[in-house]
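I'd like to ask some things about the structure below.
Read from first to last, the chains carry the letters A, B, C, D and E; within each, the first residue is number 1.
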């Protein structure tokens, strides 16, 4: 049994049982090599779910399995073993403030004892990928918000994990960079067949990237839609002009209770 | 002379003169009550420019005037006086970690010595506006990323400043919330005629909200376009379907070097 | 300021003074503690507070600071301070006629003379100070180079025996009380008294020149009370009371232990004879000053006539509380 | 849901509060006993644990020691610490906020710290008397320094984002201090306080050593002069226990004052 | 571009480094002189500034004092501090990471801090010898505590985001320690070091007071015994200057070791 299995996971942050839980008996199975996008209103529990899969949060009840092995409640060693192949891009960047962009990208490579020259090469390559070759020597506090976010993306990509958990990774970058990063991400995914769980607030982004889009609602946090996207790969940016694409986004929007955002429609 | 005047402002973070400055002789005049949106690629200097107007950064050369008075290089007292009516929504939220959402919103009201009952009323109202009434008692670390951002918006709106500087305020909220916040912002702006400088990565958002859209480029940071948006107010979300709207977004996109993002076009 | 007013001649109010002990509230300070507790001070119209000290430097400086008025230290300290630093001291009574210091060593490896210490390690209670000078004087007397005795600070004399057992020192400076304590704990000790090598005037009461010249009659009364205290302490019939008085200050000491120590210190008070209690022996002071000068401890001689007042004891005896 | 191994370990961890200290005490007791048995060290240097325990029993059951000595040291320590907090936070704030003041004041503050107080004892007595005053002064002087250092460090560590938030809402010095800087710095002050309470205790005790008629220091000095070494060690154990209680109180303060702080949050959660 | 008022003030601020200390020294000198003139305090308690200055001049020009006393105290202090850093960081790390270890160890560590070292002097000598050993031990014991406290505080303050980043990249204990926790905690350790260097100096000097044949403490004790109070105060000034230099070195370390830290960045920038 490979892939990620979230098995009727409930998460309560406060013990008050009268309130709806943050996550309410969530069940979700993600196959090996699948690209899943997670949509939902702010505060519905997307980050919490992702953190649970990433082993950063314990479920109140239920369990998370990675490649068939219990993650929640596992021993430290097992947990580390399971998470060794999980890359995480956090919603709020967490670069080491004393390391420059390049050295930050190299962190997971250092952990994996990649030789120094190799490390440098990969880190530089990754920085180039996110368009930050110029900023390699800058400390995090010298970077703009979007640049910090891109460094964090480069870091997660650097060590080529099998599973990639990404929490609104492109929230602070401009549309052009976002497009190019979307294309890159698709390319990498197709090449390496990673399992990706991708949180976003952009419906088109979700449809463009994902095999499956999962929509959540809030209070209690539940899955309200689990939609397969059948648009063939590789998808070019033009794919979003197809009927299929438009139908899918419309359907997702209805589940998000958005109706169709008139403004977005116009774009 | 009222409004904001940025007078050939140059900003260099490092002293290496061979490198292009972060901001290169920027000139920008914003009239009283004007709503200006600032667009530009990640790292082009939007935040830096906004911080300069907000008195948080000193220009290397050039000057910033608020209501005709020198802000850059002014004494502490003058600076405080000038900034008393400037509200700032930062790109990265900065809530006081020891205060719950409600108390964080109340901070600027406390500074202005608004009586306690009044303070509470306004803060609650503002939290309701951003859809967080439920979360009033939560500490920042108990909030989701988008919720934190909304608390920060509520805080900036709470004390009703004449000038509002907003740095990607809606970057981490879902489309639905974003639409409603856009409408709210327009309503408040029309009611109170604030001067607003609004940084965003979303071209439609800029066009929907602004009287004027200013586009910047990077390295050196310069203004490449300054476009007046003539769509009549109040703009409903449907306004974005008009020909005018589409033409404006297309023009801005060309300046952003985006061509037209195919993906966005599809939406 | 206040003190001056209350001590003005002819004033009927009680005169307030502070006496600082030589070290803690040891049994050795019995005469002064008794003088207060038995009411000898108050009978003379004095209100003298007896407070403790951590040793000679504090006692010396306290008097000069006027935070205290009287104290007692080794005569060596007074001579040195007056000769070298021109300190305005006046010494006016010698309760302890014989130094309490002993050179102690393990009974199975006894050190019988100072000469044997040449090139060896000697344990001392604290560095510098009077014992250091005394050792120097004794070494010279025995014809060895004082610097050849390596002095090591080991803290209490009782702790020093431990270092002797380890062979890190061959002898140490201690008191009779410490010797007894060691022997009681099963460590036989060999010892000889410092005074048997070089006899110097031991503890002396002192005050400032200012106090002495301005309030001579107060000084006399204070000494009278001390004298009465000393006599009280010497009378074994009073022992129960004496011990009770001591324990008012030093509640921790056990009565039996206080009794033991009392028996050990009494001979020091009467070393020169019961009739010479408290007597100031100017000749011995002069002798001391000579040897200090010879040793280079002092750079010049002081005029002891101004410093050592030997006439006060007689006056004090006449006052009798 | 959790494998049993973890629960077991957790139960052990929980109960630890109750048995770890006694266990280590028993261990220490045995080591102590063994050390004496092996080296045969004199009881005047290190008395045996049994003797010290006897002495301690006597001391603990003596109400006089509690009412006079412990109480005296306690009040001196608390007064000293109180003054140290006021001075330390004030100076720390000034120094942390202003490089100018730091330049001007720091040399003199540091100078007060590196001079041995024993040498200045007569001045202390002159200025503060033989009573509790001089002990309180000593306790305050030795203990304000870590508070000051940590306060300055905390204020300088205030994240730029919070500082700029203050600027942008137009907060004045006092608001900044009371509502932004002080709350943020509280965690740092409390860490300084952990060191300070220990130093204040030492300061008071050393002050009593230098003169005075009550307090644990005075008491210990009497015992030392009386050669009651077992009692002396008993009193040292007493002082240790006393200091420990004060320290515990300061540490516990964290949970009430800065529950939001990461350093407290990690303690309250099961670490992952 | 900047109004002249600001430039002026800045120039004054800059030059301050040069004149503030001398100015305050002159001020202190005057206060000192006036105090003596008004109170007529005995020069044996507080000598006049002129006399102390004379004494200091003599001491400063005496190579023996530098080569023997200052050097002895210096080496003892540095050794003590070095040991304190190793012990303090290790214990701080263990205690900061593990509530269990904190529960087990802290009571005993605090106990070592609140007991007056004077009472234990014979044990120190017994265990560490008459030479510099016992002074180094004392310096280490009194100075590791603030380092430990601040290390533990720093490690517990490690932002969750960085801790979780470590978890998510699969970092093991040693990598976490060396590359995440230690660099983050360095700022806290250095703040602890500011207190520790002062305590180590005091520890060494007090150790010399309690016994020994060289070092500034021994020297001061001699002077006190000889009632050479002007020289004593000279030596106190010397100790203050000495401690100040060590302190300055520790503070300067910050600029090299943690240039990225907010507390250093604010110092390097013109504060707005």
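Everything below uses one rule, namely that contacts are C-beta pairs under 8 Å (C-beta built on N, C-alpha and C of every residue); 3 or more make two chains touch, one makes a residue touch a chain.
Quick caveat: nothing in here was measured; it's all calculated off a predicted structure.
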By the touch rule set out at the top, what is the minimum number of steps from chain A to chain C?
2
Farthest from chain B in C-alpha centre terms, which chain would that be?
C
Could you label the chain A-chain B interface same or different, taking same to mean over half of its residue numbers are used by both chains?
same
Between chain C and chain E, the Cα-mean centres are separated in Å by 39
Chain centre separation (chain A, chain E; CA means) in Å
49
Go ahead and note the Å separation of the Cα centroids belonging to chain C and chain D.
38
Counting only residues that touch at least two other chains, what does the list for chain D look like?
41, 44-45, 122-123, 126, 159-160, 167, 209, 224, 261, 265, 272
Using the touch definition from the top, which residues of chain B touch two or more other chains?
55-56, 92, 141
Which residues belonging to chain C are in contact with no fewer than two other chains?
61, 65, 156, 159, 162
Quick check: in the complex, which residue numbers of chain E touch chain D?
13, 16-17, 20-21, 24, 28, 41, 45-46, 99-100, 103-104, 107-108, 110-111, 113-116, 118-120, 122-123, 126, 145-146, 149-150, 153, 156-160, 167, 187-188, 191, 194-195, 198, 201-202, 205-206, 209, 217, 220, 224, 232, 236, 239-244, 247, 261-267, 272
Complex contact set, residues of chain A against chain E:
54-56, 80, 83-84, 86-88, 90, 92, 94, 96-98, 107-108, 110-112, 139, 141, 155, 159
Chain B contact footprint on chain D (complex, rising order)
159, 161-162, 164-165, 167-172, 175, 179-180, 183-184, 258, 260-261, 265
Name, in rising order, each residue of chain C that touches chain E in their complex.
56-57, 60-61, 64-66, 77, 80-81, 84-85, 87, 126-129, 151-156, 159, 162-163, 168
For the complex, which residues does chain B have touching chain A?
13, 39-43, 46-48, 91-92, 134-135, 142-147, 150, 167-168, 171-179, 182, 201-205, 208, 219, 236-238, 240-242, 245-246, 249, 253, 256-258, 261-267
